[in-house]
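Structure first, then comments.
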Amino acid sequence: MIFASDNWSGAHPAISTALSTHGAGMAAAYGASELDKAVERRFNEIFEREVAVFFVGTGTAANSLSFAAVNRPGGVVMCHREAHVVEDECGAPEFFTHGARMAPVDGALGRIDADHLRHELARFRPGFIHAGQPMAVTISQASEVGTLYGLDEISAIAAIAHEQDLAFHMDGARFANALAATNLSPADMTWRAGIDILSFGATKNGCWCAEAVVFFDPDKARQFPYIRKRGAQLFSKTRFMAAQFMAYLENGLWLELAAHANAMADRLRAGIDASSHARQAWETRSNEVFAILERPTAEALRAEGAMFYDWNMPHGSTGRLGENEQLVRLVTSWSTEAADVDRFGSLIA
Amino acid sequence: MIFASDNWSGAHPAISTALSTHGAGMAAAYGASELDKAVERRFNEIFEREVAVFFVGTGTAANSLSFAAVNRPGGVVMCHREAHVVEDECGAPEFFTHGARMAPVDGALGRIDADHLRHELARFRPGFIHAGQPMAVTISQASEVGTLYGLDEISAIAAIAHEQDLAFHMDGARFANALAATNLSPADMTWRAGIDILSFGATKNGCWCAEAVVFFDPDKARQFPYIRKRGAQLFSKTRFMAAQFMAYLENGLWLELAAHANAMADRLRAGIDASSHARQAWETRSNEVFAILERPTAEALRAEGAMFYDWNMPHGSTGRLGENEQLVRLVTSWSTEAADVDRFGSLIA
Amino acid sequence: MIFASDNWSGAHPAISTALSTHGAGMAAAYGASELDKAVERRFNEIFEREVAVFFVGTGTAANSLSFAAVNRPGGVVMCHREAHVVEDECGAPEFFTHGARMAPVDGALGRIDADHLRHELARFRPGFIHAGQPMAVTISQASEVGTLYGLDEISAIAAIAHEQDLAFHMDGARFANALAATNLSPADMTWRAGIDILSFGATKNGCWCAEAVVFFDPDKARQFPYIRKRGAQLFSKTRFMAAQFMAYLENGLWLELAAHANAMADRLRAGIDASSHARQAWETRSNEVFAILERPTAEALRAEGAMFYDWNMPHGSTGRLGENEQLVRLVTSWSTEAADVDRFGSLIA
Amino acid sequence: MIFASDNWSGAHPAISTALSTHGAGMAAAYGASELDKAVERRFNEIFEREVAVFFVGTGTAANSLSFAAVNRPGGVVMCHREAHVVEDECGAPEFFTHGARMAPVDGALGRIDADHLRHELARFRPGFIHAGQPMAVTISQASEVGTLYGLDEISAIAAIAHEQDLAFHMDGARFANALAATNLSPADMTWRAGIDILSFGATKNGCWCAEAVVFFDPDKARQFPYIRKRGAQLFSKTRFMAAQFMAYLENGLWLELAAHANAMADRLRAGIDASSHARQAWETRSNEVFAILERPTAEALRAEGAMFYDWNMPHGSTGRLGENEQLVRLVTSWSTEAADVDRFGSLIA
């Protein structure tokens, strides 16, 4: 009953097999091998256009280097108040951009509200040097609190961003979960809705270590090879990442794994909804569930070996904690087993 | 006949097996799993003392973050004129240190000369703010041009470094090859000779992606977790790196692989010495060989499928190129096959 | 009727005279002259203890380099939501600290609230690397919106800061105005209340360009000469800044000038209070006044040549704007003339 | 007999007068005053074209921010081995560029040799990410060792720089001395010879603190206001710098002062040439003289109150020190008096 995080899972057997298979023989390093090229073509197919794709080692690197690629002096990134880039990356986005500011924008349940975004941007008057200059907007899809942006919401934010010549970035650490939950195509979810750069995460969803930065306009990526290398994110045996991506993207494995994680979350949500000792703190989709548990229930679960983290009420949540209650986060993954979810369900019943 | 670089090799089957085995199940992320802890203990054993060890994704990251850990404002790293940190890391050491300078020190064949080091350091007068302040000395073992520092040379440099309160760093991208070539213990090669921080490379020698920063005084590493995370080098599923290290360090696999690479290089050296169309440009040990080839020989080799890079004459080389000659670098690895070496030998005979 | 900003004023004649006087002859550069040393001693006297004082060229430099001096990797500065370091320095604090985050703390009218500070700090759990680590708290005295911290408020914040081993910094761009408004001694306002580092501003109050960073524990300043030089803030002819400070601090000129500016602001406040077309938006002290004007009144003033800026309602303001009203900021300075204030008063009467 | 440095001099009376005159009254801050605008026009006239000019506080800032303005990721600045940006700026150029490397180029007596430059640039193969990418060439005019580039030399370097799309920067800390020594026009010395950006220094030559960055193509300067502010170099009362420049540039004062300094250096050179205890180490022009003194002579001079610094033999110097000799640097300035020079001359006679 491990619901601590999807990064507690390991690697899918298909990923391991790919690594074994491609471990033999010699191949050009630094992204020049046939396998690397094949993955690049695969990304073009998946996104239905030519993209520029760059492997990096962590989601933090993907986000930080994306911002570095579009930074301006005194640059400001508009992001949700509780974005991963603010709360969980130890200042890496600021570090890699030479001090760009992550400017908080409000919005319920992990999603930037377009009106608030417009309002915050209006505070930056053109030519008022002292305040710095916005250079990007970033959203997380799925969000940090298990919610999803609708396509109309993404498009509305894109319109504001592009009106002001800002790059529009999507943190897709759980991109596959968002796709699986909506049945949207990768292209629809991203560039067709106005996304310029995507942090494409595969690690949480069955890989060991496979992240990529995807530029939908390859022209904008011309300096990125230097940005990545200077950022110590150019791996030598890129085959090891290419092999993971190859297996991950083959025959829709990635969407299957995400769908499984989402389904396990659905099952968890159903169990919680059926319980009189627990309730969902807010509606989530994808593979994260936030539950308000009675304290004795939480203790009993942990005594039985359940792993999950206590959580703080996010900005804009309408749920209220009773005195004897606590908020917890439950994350499912590609490797979550139904039996564990059911056992959890029966323990809270 | 691929002698392009040791990073053209893949992963040893034991590494792949470890990744498959440890891919199952759930484990704490971010270095907190049992496997991570086991690897840490293994490093203590190998170095015969308590060390602080941190996994990172690239050798460039290991070097750059090592410098960041000991940096001072206006900091200067004394390094060999042709060190990897100067020539091949796209400014990452400067980037991660907020602008420390890599100050070139002369020395024959890739090795800092202690007298030159002392001379260069003397240029920094105490309290002369304008010049900045030295903060570290770094050496590569094995060096970039296939040579090795003797223990006495390392100790002599250590004495100078510590006299001036400078951290002494070793870039061990090919550390195992240096150990295998000298039969020295890891402890003798490092902290017993005065090394404070080691970039411990395993990628080139049979892993996919496994690098570590080793602090011989764990007290000096207290800020390093933040430095690593801010540098986007804290991986979530650290198990994947721990699994590689576990297999790599088990039963001396790492030294066996390095010994094989070195032996293949010896065989190559013998072949070159026996040839009348080729000669060694200078004496190397470990797994790099630098050969002066007659141009037609080089062309013939390439026509037969041999892969190797042309090289520039390094500083301090006494070899001279004839008009019809060229200098090439040949690198062997854990996966180099004797048949390929022999074929190369017969082609130049 | 120029109430745009105190930095629209020029230099007091005593400052000009000092610059003329000290312009002759030769003197050691880079802070080594007798005059530089005399100013350092003067700072010791003023603060009633040995301090380490460093001249810099701008308030932005003083703040940014102060933070750089106490930074930690992944560092976070706790500051008021509307602090100058957030709103008006174009990311310089982040830039000079290699990406430290300015973390917003709430509090009414430009002042950090100690309870909110404690609450925000509690979010950083020890050892939770991802969130980064707080390293300093900064307050502005006088604040950006004309208010002042009481000594008890400063002490309360100091207690929280020091409990958690954070440096406590005061942005004293208008330090003299705060002293003049409270009749507190420089020592009482700063280190006796727990301040560790002060940005000591003199530019707004009668100098041309004279700012200093004051460390109340000189031991903490040992690396600062390098930090300043690397930050391009070590001036060669430091005499020009020393001469300004010497005249500024002689016979209490600085407090006289600040008292004049404050008195002019009092006169302005009185005029506003007496008007039926204007009212104070909130109570201020020192040399800034925030007024809510009827729009026709504002227009009439500007038609008569009055200069002042429109302003946004700050966080925590209880004033409300009527439909036909606007908020404006009025700043007085050492060179504001009573006649101008009176004319302004009669125009709004 | 102060020949320590030209920055030991103070400010010319005309500068002091300008500061007094412009100290009165109110004027827009941050470069928006009439006086600021007038100085900008003056720069256009002096350079015979529209330029973009930005005041900064130090020569180090001028150089560092110039590089920041043209930087690329993994950027490399080609500079003379003994350039001020390498030897005397405590890593500020690297700091402000987020880690650009200052790559040393050889050349006799402080001047980059065009052939060596071409040779060093050839080491950067297009697309070889690991080495980083050149982004600028910088020269100092007058050089650090008192020599001057001829126009043909500047043009030759410009051709190489522009061929490779590199910005060409001139460090003009002693620009006026170079003009006065050659009778060339500011336009001929800079943009007509291919210079893109000039660090225009006035501090050493009679101002207190007046440096500027001049872009000969204003389009390239569009981001510079943010770069400067983020770099803490936007002064509030820019009038104080504008006033200095106004007086400095009026009626050719700047060239007169430089001509005086040069003439004093000529007189010094003549005295040295006439001595049998001293000789010039190499031929200089402008206001720096390098002399080889017999040790007893040097001691005698110092005993009489002469101030000058010992110096190291620069790269490419053909002079040789005898056992009983030492190399010293002698710098004259706008305020050097002929009597002092003559006294020096008679002491070495």
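Details
By letter and in written order, the chains are A, B, C and D; residue numbering begins at 1 in each of them.
To be clear about the criterion, contacts are C-beta pairs under 8 Å (C-beta built on N, C-alpha and C of every residue); 3 or more make two chains touch, one makes a residue touch a chain.
None of the values given here were measured: they were computed from a predicted structure.
The remaining chains, considered with subunit C omitted and nothing else moved, are all joined by touching into one piece.
Under the touch definition stated at the top, subunit B and subunit C share these contacting partners: A, D. Of the two chain pairs shown, A-B and A-D, the one joined by more C-beta contacts is A-B. Taking the mean Cα position of each chain as its centre, B sits at the greatest distance from subunit C.
Each chain gets one centre point, the mean of its Cα atoms, and the points for subunit B and subunit D are 41 Å apart. Inter-chain spacing, taken between the CA centroids of subunit A and subunit B, is 34 Å.
The mean-CA centres of subunit A and subunit D are about 50 angstrom from one another, to the nearest whole unit.
Residue positions 30, 73-74, 89-92, 95-96, 98-99, 129-130, 132, 226, 229-230, 234 of subunit C each touch two or more of the other chains. On the subunit D side of its complex with subunit B, the touching residues are 73-76, 87-102, 104, 123, 129-132, 312. Note for the complex: subunit A touches subunit B at residues 2, 4-5, 7-13, 15-17, 19-20, 22-30, 56-61, 64-65, 89-92, 95-96, 203-204, 208-209, 226, 229-237, 239-241, 307, 335.
Subunit D makes touch with subunit A in their complex at residues 30, 68, 72-74, 98-99, 129-130, 132-133, 223, 225-227, 229-230, 234.
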